[in-house]
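One chain, subunit A, appears in both complexes that follow, with subunit B as partner in the first and subunit C in the second.
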Partner chain A sequence: MQLILDNLDVLFFVVLFFIGYVAGRWNERRHYASIRKRERELAGVLVFSNRFPPVAAAQVDSRLVSGSVVISDDYFKDVMSGLYSLFGGRVRSYESLIDRARREAVLRMKDEANKLGAEMIINVKFQTFAIGGRNQNSVKGVELLAYGTSLAPVRR
Partner chain B sequence: MAQFSNPELPEEINNSDDKPLRSFFALAGSALLIGVVAAAALAFFAGTVARYLPYRTEVGLIERYAERFPPRDHPVEAYLQGIADRLVKGKDGAGGMALPEGMTIRVHYVNEPVINAFATLGGHVAVFRGLLERVPDENVLAMVIAHEIAHAQHRHPIASLGRGVAFGAMLSIVSAAAGSSVVESTLGRSGMLTLLSFSRAQEEEADETGVAALVRAYEHAGGATETFKVLQRAAAERGHSEAPEFLSTHPVTQERIARLAATIDKNGWKTEGTRTPIPETVRVVMEKDAKEKPDSANKGGTKPQGRRMKDEG
Partner chain C sequence: MLLSNLEMVPGRRVAKHLGLVQGSTVRAKHVGKDIFAGLKNIVGGELKAYTELLQESRDEATQRMVKQAEAAGANAVLNVRYATSSITAGAAEIFAYGTAVVLE
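For the complex of A and B:
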């Protein structure tokens, strides 16, 4: 009992680490499955970074569409990032976080465009914000905002 | 718009970590290994390195604790200091102990019934009333003090501290609290760095240097081997009501006593001579002190608990 009390912080670490890993992995797997499914569904809405519409689409209805998402870090990823910061290299634990955020934001933007009847979004841009993380106990997360101009064929 | 398309991108480009747990064990394992190797090397060399630490730095480490224990105008403390000075300078200043450059020994008298004495950083030596009451004469007491001064002379406290801090640093990789508690108890949260423990080799070195100083100061080794036996016996007589702290920090083995006797024999020192009694005035003051509250129990916040040995595990 005394041993447990003396090493309470080790115990906390192990528990948080375990929760972080299991929950984080589970969430990530589910999120990726959902992302892939919706990416296939919305494959009809094309995304381009060009500033001007292709010539073929002369008669269009242009609208600003955007999608944003906030994805949280988990304890496991946090520990991993600490280890990466020690040894350098790709911060692999955060790569999936950013990847998911970017794809989710694009999907939400595409969803909006799809509802407007658009078939493409041009001039797509991304913005990333780090949320929290300035002090040690705050929740670390990432906000990703994607926005662009949706082009829908003009209905007559 | 058939000429345009958004191809599906391979998954592993932007998200490369498919085995995060394996990456964790690889990274954490190597971090732990590096830390353990570094701390072990530090702990291993701490004793050697610490001897090269300037003595001034050592004094600086203990300064803020030492300030709380200014020299007192107390007959017992003055008496103890006198013995220490005699040991350091030798009989009639004929050369005693080779202290490091700039080191001065200051003896503190602690008014508590604990059977203990210890040496810590900065040449500070503490002797407890409990021990003083049980020594039959000055020679036995001088052996204890000589032993403690010898620790200081060989820079054992700083070596022990270095080892403890290195060990704490190593532990703190695994657990921040466990590590810092080790560092804290090593650094002496309570003030006087009372818990520095010495290795057996250090104890033996202190025994040898101590007995040599005793002989130089008193011209014979009387009381040297007796010291440990006396303390052991005193502890046995008292039963288990008061743990003989001195014996737990200075384990007495037959081997150790035999080694001490062998050293005396090898150097051809006289094993017996005129014993110096403990002055009656000192005994009287101690008896009076015994009736008062011990140091740790009074004077409010001005006296930190550092003089107690029992307050930490």
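For the complex of A and C:
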């Protein structure tokens, strides 16, 4: 009993680490499944980083569309990133986090364009913004913003 | 008001350039929402309160930019860009800027 009380902080860490691993993985898997499903649904909206619209698109209705998401890391990813930062190299736990956030932001932007009846989005720009993480108590997250101009055919 | 991040509008001609317009807002986070977000930091997932907060701030910055463009007599803002920067640990500035133009 005394041993448990003495090592309460270690126990706390292990429990959080375990919860973070299980819940984080579950969340990530569920999110990826949802992303893949919606990417298939919105495959009709094309996304380009071109600055100019295709020549054929002379009669279009252009409008600014954007999508953003703030995604939190989990305790497991947090600890792993700390370890990675000691040895350098790829921080895999964060690579998948950013990948999810960026794809989610693009999907939300596509969804907005789709509602406007647009067939493509051009001049897409990305912006990444890290929230918090400056001290131990602050909330850590990363915001991904995607924005561009949607082109919808003009209906007559 | 037409907003676009292109440098032109397909099928329309820019009659007049009115120069740079901008809008910005500085927002701080809410302590109550932060407690929930702190829990999310353990299990991962989207921080919806933060997504909404930043989205609202971006809308407000855009609104301020649009107001400035309206005052200048523009009917469109082209080449719109966004920028986000953290001012202190708990607050962020959202900045929107573009070129106000009159379309024919």
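The rule we apply is simple: the second predicted complex is superposed on the first by the 156 of 156 C-alpha atoms of A that agree within 3 Å, B and C clash if a C-alpha of one lies under 4 Å from a C-alpha of the other, contacts with A are read in each partner's own complex, and residues count from 1 in each chain.
Just so it is clear, a contact is a pair of C-beta atoms (placed from the backbone, for glycine too) under 8 Å apart; a residue touches a chain by one contact, two chains touch by 3 or more.
Predicted model only: the values in this text are computed from it and were never measured.
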**OP:** Please tell me, clash or fit, for subunit B and subunit C sharing subunit A in the overlay.
**Re:** fit
Original post:
How many degrees apart are subunit B and subunit C as seen from subunit A, counting from C-alpha centres and rounding to the nearest 10?
Top reply: 110
Original post:
Between subunit B (first) and subunit C (second), which does A:L46 come into contact with in this model arrangement: first, second, both, or neither?
Top reply: first
Original post:
Between subunit B (first) and subunit C (second), which does A:V10 come into contact with in this model arrangement: first, second, both, or neither?
Top reply: first
Original post:
Can A:H31 be said to touch subunit B (first), subunit C (second), both, or neither?
Top reply: second
**OP:** Examine A:V79 and indicate which partner it touches, taking first as subunit B and second as subunit C; both and neither are also allowed.
**Re:** first
Original post:
With the two structures laid over each other on chain A, which partner does A:G141 touch: subunit B (first), subunit C (second), both, or neither?
Top reply: second
**OP:** Return the chain, subunit B or subunit C, that is in touch with more residues of subunit A.
**Re:** C
Subject >> Shortest CA-CA distance in Å separating subunit B from subunit C in the superposed model >> reply: 15
Subject >> Contact residues of subunit A, present in both the subunit B and the subunit C interface >> reply: 57
**OP:** Flag every residue of subunit A that touches subunit B in the complex, lowest number first.
**Re:** 6-10, 13, 21, 25, 39, 43, 46-48, 54, 56-57, 76, 79-80, 83-84, 86-87, 90, 92-93, 95-96, 98-100, 102, 119-120
Subject >> Of all residues in subunit B, those that touch subunit A in their complex >> reply: 1, 3-6, 8, 14-17, 20-21, 23-24, 27-28, 30-31, 174-178, 181
**OP:** Could you pull out which subunit C residues touch subunit A in their complex?
**Re:** 2-7, 9-11, 29, 34, 37-38, 40-48, 50-51, 54-55, 58, 80-84, 86, 89-90, 92
Subject >> Contacting residues of subunit A [partner subunit C, same complex] >> reply: 16, 19-20, 23-24, 27-28, 31, 51-53, 57-60, 62-64, 66, 68-75, 77-78, 97, 104, 122-123, 125, 127, 129-132, 134-135, 138-141, 143, 145, 147-149, 151
